[in-house]
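Below are the structure tokens for one structure; questions will follow.
Each chain gets a letter, A, B, C, D and E, in the order it is written, and its residues are counted from 1.
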């Protein structure tokens, strides 16, 4: 007995003492921070942070190569814990979730062949891009499910991935695993600033709608009787649902697939139905809002565009202030459109809903008279956005005869300038004038500018030289005259100090869509734009932060929208829709402009650059679509079509009195008519 | 030459995993991917060799002289547990690259019954010291071989339409069974080889 | 749009449905002469085994597929090929329940558990055979010398490989190599019909159903290793030619080792695979307790296929048959997606 | 340091307590285990080898010393008189030691039979030596006491094909057993 | 009520080895017959329950850093007791379980329960947990052993249950049969629990 007890005693002693000694003898110094950070990280090794595993992420954090909040999986708490170890302050990062966009699984979607091979999405996609006719449809073999380290994804009964939001941490492993971009990460911000692209599932109505409302979505909610949810879906893309319900020319209905069978679904009346429902409840349904930040934005112009931009900026957490010259907000909606088309209580309701997002509005203050860009920037606004929209901009630029560049430094409108020249007025153009576009007239104007004292006049055209009038071709001769021609280029930005513009950035326009752009910066005192209306312009402090030179502010413009040339131009003189300068022919179009302005400002303050959107869906984009609809039973539309609309409110005259809208049974019945289309799928049992 | 037969026998015929049923938990756990399989295999070879040698000494220098054979189990497991921890610290100090490669597998090995099993088998089969060491290396190599083969197949099965209920461990077990079946072809090879070497 | 009849088997073997059927039926066709020889020598017993084997293989496939609610694919002939191959390496006298058990285990465990055609890591017919072979209580049924003692065939009723194992090369001196070549030897129903298997195999190679690399390197492997053994000890081991002509080598080289799913995809892999199969065959024959080692050699090498596929970066060989016609989208859809 | 000491003390105490408990348990069971081993391991073999004895073979065992080596001897009695003895010897088989129980008819100097007590041979191959087919062949072979120890068996038994090693191990054990036979026979075979 | 659940969860929800997929080696090795399976199961119940109780008793005494080592010593002691006891009282089973009795020490289930349950709970729940998990383990082993024994030897607990001319499918008692039958049983469990869920 003794020997056994002694033996185990000795064994235990030897083992523990040896280990105790070894732990000292073999002591390896390890950065206690790395150890502590490794402990704090979740240890799932998901790779969501871009490091191969949690341990290497910890090393990167400890070495200062990564910020404390890189762990998307752990969320704010882990970030805080890590931050505490590292002695950093951690700001809450917006949570992201995995989101799947396909709604017709294999089995419901149109197939090109039956696949029963390797159970892996990548393998399936290698064969003619998968078994679905739809190029962006979910393969349903669950590569995303396998990739998920947190068990948040499963393939549901209809062969589509289902996200368990309680488990999703937004690491993005599934996004990398999906060969079809079906799975995406969304945060509220991402949802607010998203634009439709050609390789995602969009219904034809959705694409036709300039604001991009998820029409099948809200009609489905109407079908289910969830009117509030329907309003919420509409408000995600359109802050003026009731106004749109009354006066929208509804280009969506032209694209409705029901047109192949009978008549389009009454999309717009349905929208008006739910928006009316919201108004009768007297309560505004507030969509989600991001955490507030401290950035103040001034919006000049309280029309639909300004209201929309303010609305989205507020939702993104900014502090927008609307400055309106007129006594009331609403712009054209209030002062131009007849009251019998758009009852004012309707307008007030929608505007009230927008203001409730946390927007300050000052009326009866006019740019050029009460303030200008520089004074606003000086007053502490981080950005000034000109959302003058459809109004005649000369009033803004030239509120008083003797001052030409009071509101926006150095900016002239060609028409004004020509008039002034013809009246032989003295205008100080500075040494270097830049004329944007303008055809043959530009050459004439350039010569006049030279006469007026400008030493160099640069004509910038987004067209290639060969398509310009022949007079422009002999650049050498023109150069001798002091006229420089810059073809295939756009004006990317204006810069200035105080009330003077001093430089203009030009960007070569590459038609192949290459965005590795070449930017040249030239000295310029004057920029002359051709149209009668101002484009949307956004001014910020140069170099991102307020920097004053004496009393004067350094400012620059940012681009309001960027896309590849195929979907439209870029540069500050192109508005969201290509080829036009701020000509919003319908309220839905100005809503789109407003939202894109908000996107640009948000990107400027977060990433610092406005990123282009490749494959943007636009009017003429090539998208796979169906040319016939099979197996759908015709049914009667519940209200008359207001036809011959071309997506232009000027020709659509809808009067609420003779057109009272849908009642609830009719709306429910009408909602049943919707085919719930996807890119090429549709519900064949309707 | 005897050792060749011992090795062939331990790797192919009495494969520790496929015929002796030892070490199945890590076998199924780490055979999903090739790189983890290789790492685990190397760690097992390393630890099993050292553990067998040390426990052999403990058995024959301590337990047998003291007539404490019945404490074999408790003595061995203590020695192995301490040893694994010791090796972990040692590697970390003196061979950091090896530690990085094998480190995460080392704790798994403490509860790997193949290590304790091999140590006990050496004693039960009355091997001498060199035989025990060779046997340990060979057994661990057999483990590694089976692990790598299974990992190759399971990597491929990842993309197959394996019926849902079978996915994961179930199909791993069935595949291990089929591997064991294939290894049955070697039955008798050790005997003939021994004869062959002698002639 | 009408869905095309196109099936994809797990990577790396891509076939469309039509091709599997064609492969299977070509193999069945190539095996007919060997099978006929079996019927000729062993009569109704052989027929009984072949019918039971093919029937139970297809039944097993249909049963498991209906349980798993998958489309039933027995018409593609792959189950029939498995069944037939299994029957051809069994003695004609084997009890039918053995055949049924072997086929059920082979098809269900060896094939369908892994996701069916193309996903099986081992050849299902061989799995079935090995299962009944290692069942000790049933070993007597598979011992050719015991099993075939009651037949009148007109040639020596001794299994050459068993004789070689027991008595060394002196024991097999009285076997004429020509007789062995012509199929006049004891063995499985079809696996002893060497010349007919060779012709059938060559037919498959010519038709492009199987590739030449595996059979050729298999035979070379057998010859080389057997040659080494033979030169080392002529009294115990058979000559290379004897080794090639006796037992399952011929059926192994052309039919058992060339199963699409369980063999490598690239040329080097195939050559190594075939050679190792052949080499392993001779080693197991000489040293293991089983007289013939072909089946176990193939099974063992099947396990190495994923590793062999890593020899070279995966580079699928050009298709042996005419390529699959790509599915055609409707004109409008194609134009739209192109743009 | 204090922490480390605490850990060591706890571990050592646990180890010691376990050691005490185990050795106590061991002492309680030791005798029974010895009996069980005899009953289950040697018992059936001895009974088979010394078939026809009338006594309790396990109870009538004794340990004798030969050249300083202890041998556990089983004795078969007929009508109260010892007629046969059996004891174990080791041979080296293929997988390891083969323990063979060899029984002798001491009146006629014949083998009463052999049984394999334990072995580590390959199942299905070497393990064939344990089967009756092989062990029965040794029954009744006469011993030539005058011959060299290796050649004392009057009849040669063929090895099992495929299990040559295991067969040789059995021969080796029998050979060792025969070497002891004379010395044991001379001992006092009476039991208390 | 909670205690009852502590006990019963081992019988189905956390049934080892099928749900926890732990401790597979003995499951494969000792299920050649129902009897050895049962014997192994009983040994595991004993060790699991005793070690759970003891670990639970000592949970406030053992320092964190040496807890695993202490648990191992405790478990190993009980294993040695089982070894001795089985040798003394159930010699046949002791022989057929062979090396797998000492290997109970490294059965992940036992260390796992000690670490996951007993070190955090009181004595009575720990005992019930050990008993429940152990019982579940025994059940699984016995069932698997019975299946393999009936097919592989034609007997159940040593008595002939198949017809006399039955030639046993000895494949089932060989290693491949062990792996495959456990795999198939696991798959059936998965399929069954899935249909139960839906």
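List of remarks:
The rule we apply is simple: contacts are C-beta pairs under 8 Å (C-beta built on N, C-alpha and C of every residue); 3 or more make two chains touch, one makes a residue touch a chain.
What you are looking at is a predicted structure, and each value in this text was computed from that prediction instead of being measured.
Any chain that touches chain B and also touches chain E is listed here: A, C, D. The greatest centre-to-centre gap from chain E, using C-alpha centroids, is found for A. Seen from the Cα centre of chain D, the chain whose own Cα centre is farthest off is A. When the C-beta pairs in contact are tallied for A-B and for B-C, the bigger tally goes to B-C. Chain B has its Cα centroid nearest to the centroid of all protein Cα atoms in the structure. Centre-to-centre separation between chain A and chain D, using Cα means, comes to 89 Å. For the pair chain B and chain D, the distance between mean C-alpha positions equals 32 Å. Centre-to-centre separation between chain A and chain E, using Cα means, comes to 60 Å.
Chain contacts: chain B has residues 70-71, 74, 78, 81-82, 159-163, 166, 171, 174, 177-178, 181, 184, 187-188, 191 touching two or more partner chains. Within chain E, contacts with two or more other chains are made by residues 66, 69, 73, 76-77, 80, 84, 174, 176, 180, 184, 187. In chain C, the residues that reach two or more other chains under the touch definition are 10-11, 109, 113, 115, 131, 134, 136, 289. Contact residues on chain A toward chain E in their complex (touch as defined above): 12, 15-16. Residue ranges of chain D in contact with chain B, taken from their complex: 15, 18-19, 22, 26, 94-97, 120, 122, 124-126, 162-165. Chain A meets chain B in the complex at residues 3-4, 7-8, 11-12, 15, 18-19, 22-23, 25-28, 116-120, 123, 146.
On chain E, the positions that touch chain A within their shared complex are 66, 69, 73.
By the touch rule above, chain E contacts chain D in their complex via residues 58, 61-63, 65-66, 69-70, 73-74, 76-77, 80-81, 84-85, 87-89, 91-92, 95.
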